[in-house]
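Some structures are shown below for you to check.
In the two complexes below, chain A is the common chain; its partner is chain B in one and chain C in the other.
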Partner chain A sequence: MHIPDAFIPIWQGAIYWIIALVFIALALRWARNDMNEEKLPLVAVLAAGIFALQSFNLPVSMGTSGHLVGGALAAIILGSPFAAVFILTLVLIVQAVLFGDGGITVLGANIINMGVIGGFVGFYTFKGLISATKSMPVSVFFAAWLACLIPALACAVEMFLAGTFPLTEGLVAMGIYHAIIGVIEGFVTIAVIYLVTSVRPDLVDTGVKATAGA
Partner chain B sequence: MIEELFQIERDAYKDSIIHRIDARVKIAIAFAAIIALVAVPYSTMIYTVGVIFFFFFCILWTCTRLSFGTFLRRVLAIVPLWGVIIFFQIFLKNKYYTEYDVLFSLPFGISIYAQSIEFAFILLVKFIICISFIILLSSTTKMHDMLEGAARMGLPAEFALALGMMIRYLFVFGYMFRKINETLQTRCFDAFDHRLPYPYRLRQLGYTLGTMFIRSYEQGERVYTSMLCRGYGRDSYLFVERKPLKGGEWAFLFISMVFIIAVPLAVWLSSFRLL
Partner chain C sequence: MMDNKTFIIAGIVIALLIGAVAVFMASGDPDGLESTALVVQGHKELTGATPEDAEIEEDLTGKFSYESPMPDYSLGEAMGSTGGIIAIVIGTILAFLVVLGFAYGIKVAGKPAKQNQ
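For the complex of A and B:
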């Protein structure tokens, strides 16, 4: 899902950068207001943690593998979609600049996909489902699954607009692949949040604590 | 990717004329080269620009005194996934060509087009040379120097502070990742072993990831407590002292920028003359 340089024309990359900068500015405002002394190490650890989580290859099927995205995890633990934008921006900058995983001119598009779409979809799906179902596992699972699937579909649309991959084939390939990875992301996110809420409930502040055992 | 972290930092700690250049100069040159390459239209003009840029990259890489094997290993770690997508281009039509000539017809109505092969090569050249400049930047610049350089170039303080701490924790996670992987191996656990039930494998991976997160957070908490003891406060920001570029660095930056801008422009203008 990390689009590299050259796969999106420079002018489209610039548009994605402008949109991403708006959300980055809002995420910075969140950081100035909400990232206090207690949250800063959590943000940094979560960013490094998501980086590490993305390094774990998970088995999908037929010998293929995928990795987690982590947008929903960040948004749920820190209780804000802007936290996911902030954290995923850090992760994507490090991945692009140090490892060449994702491009520089397309960093805006990657932030929109994994940070903005992943964070907002993950957070609001979780908020909606937890109030409706009162079940942490169900809410976290669907939040993480959608936060993996929707950014992948957005990535396919961006590649189509760039003229580097046809729409139908892109949506089908990315959709099927990430729908499967999303299931794994859902289960693994449940396990991570369950473990974190059991061992360190003070780290999670989105109401998961109360329903952790559900 | 996390396994590469230690090797990249080891390379960055070596010494050469390129390693000693200020991080801001290297960031500016690498980003400018990538922007220039991406800005070149999807046309065969990229072959000329690509060869000249790659020659420029090779000169810089030779000055780093790092082996070309190191470069190739890093390229091979990045290319596979997107290499497959570039390969698939040969079967696809896109909006950049109006006419397509079929080179080979395969079963199930699949065809390989001459123009699609050309487009795949264009993408490949752009992609490889863009990541070459990123590899050059990260292999010759320590993470901390890169962060300081970015802060001096105007990276917001909140990002600089969080990035600084994140980089520190990356290595903690790196060690945790190694330790946990070794532990799983000693217990003969293989996530890809089909004899194990799938839910069991996922549960084990979930607990592993959660354990890694909690252990790293607690390590981070200890570091943070020591920071508080040393006077860290809510309004503390990463202190970056002013550091003007030296004359040689300005000259290198100026010549490189002129080169990066002039080459695509000259190739573009010469294409009109040829017509």
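For the complex of A and C:
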């Protein structure tokens, strides 16, 4: 759901950039104060992994494809939604500047959707579900699924405000496609969390470890 | 338990393998946002396949335009999948280095301030 420059007028892009910068500032503060220095390898490897996984578009039927976004993954495994903002912001900058995947003036909107909304929805859905169900795979799956669907719906609203999509048609199509793409998000997020927990449980946030069988 | 060096190397190798396989295996179908654009522009049915010649119309008035050095994760037609792999390798390593650099820089820059408190 990387929005290209052609989809949002520059002035609206500027507004999203200002909102995004507030969250980027908070993410930098998180990195300085709360990011455990021992977790640096995981933070950097996650960025490489999320970049690679984002290039892998899987067919999801209906003539559409989708890939992992990674907001829920970063937030859950590192124990903070700001981890998602931090990692996704930098990955999205690399994608936009080097590969033209997502625009420049709309980068703020893409950071808000995938980093901020994806990170916060993923993190707090996980928190709520893990205390209710005590099941890591169930909680992670629905957290990641919602962290794909809700940003897509936000994106549809932004497209409406930009005059690019009509509201209802945009919400319906974005919702249907990303409800399916979210299944990829769910399974890949579970797989990566299991993988990292099995080789380096110390790097994984305590909220995940206790229920992942490590 | 895996040490940091092994973890980083293993992580990057896995990421590079995923990226390399993606060059050959990734679906060429439009993503969710592009599909939605095609639907609202009347080039595609909501649940139908995407027609071969379907193209997204872009109104560029009042919009910014930027030419990236490696558009669509490729180095152009002539380089084919080799170019695709080079692009993905550059991107993956760069994502790793940029995030590591930023995170490390912030930690180091944040330290003296903490010591003074």
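Rule of thumb we're sticking to: the second predicted complex is superposed on the first by the 207 of 214 C-alpha atoms of A that agree within 3 Å, B and C clash if a C-alpha of one lies under 4 Å from a C-alpha of the other, contacts with A are read in each partner's own complex, and residues count from 1 in each chain.
To be clear about the criterion, a residue touches a chain if its C-beta (ideal position, glycine included) is under 8 Å from a C-beta of that chain, and two chains touch if they have at least 3 such contacts.
As the structure is a computational prediction, the values presented were derived from the model and not from experiment.
In the three-chain model built by superposing on chain A, chain B clashes with chain C. Judged by the touch definition given at the top, the superposed model places A:Ala152 against chain C, while chain B stays out of reach.
Of the two partner chains, chain B and chain C are each touched by A:Phe165. In the superposition on chain A, contact is made by A:Phe187 with chain B only, not with chain C.
In the superposition on chain A, A:Leu90 makes contact with both chain B and chain C. Residue contacts after overlaying the shared chain place A:Phe99 against chain B and chain C alike. Applying the stated contact rule after C-alpha superposition, one finds that A:Ile176 touches chain C and leaves chain B untouched. With both structures placed on the common chain, the touch criterion links A:Gly128 to neither chain B nor chain C. Among the listed stretches 81-89, 189-197, 243-251 or 261-269 of chain B, only 81-89 clashes with chain C once the two complexes are superposed. With the contact threshold set out at the top, residues 4-7, 9-10, 13, 28, 31-32, 35, 37, 40-49, 51-53, 55-59, 65, 86, 90, 93-101, 103-105, 164-166, 169, 199-200, 203 of chain A are in contact with chain B in one structure and with chain C in the other. Here chain A touches chain C in the complex through residues 1-10, 13, 28, 31-33, 35, 37, 40-53, 55-59, 62-67, 86-87, 90-91, 93-101, 103-105, 152, 155-156, 159, 164-166, 169-170, 172-174, 176-178, 181, 199-203, going by the rule given at the top. Those residues of chain C that touch chain A in the complex are listed here as 1-2, 4, 7-8, 10-12, 14-16, 18-19, 21-23, 25-33, 35-37, 39-40, 44, 46-50, 58-60, 62-73, 87-88, 90-100, 102-104, 106-107, 109-110. Chain A meets chain B in the complex at residues 4-7, 9-10, 13, 28, 31-32, 35-37, 40-49, 51-59, 65, 68, 86, 89-90, 93-101, 103-105, 163-166, 169, 184, 187-192, 194-196, 199-200, 203.
The touching residues of chain B, counted against chain A in their complex, run 1-5, 8, 31, 34-35, 37-39, 42, 74, 78, 82, 85, 89, 92-96, 123, 126-127, 130-131, 134-135, 137-138, 143, 146, 156, 158-159, 161-163, 165-170, 172-174, 176-177, 191-192, 199, 201-203, 205-207, 209-214, 216-217, 220-221, 223-224, 228, 232-234.
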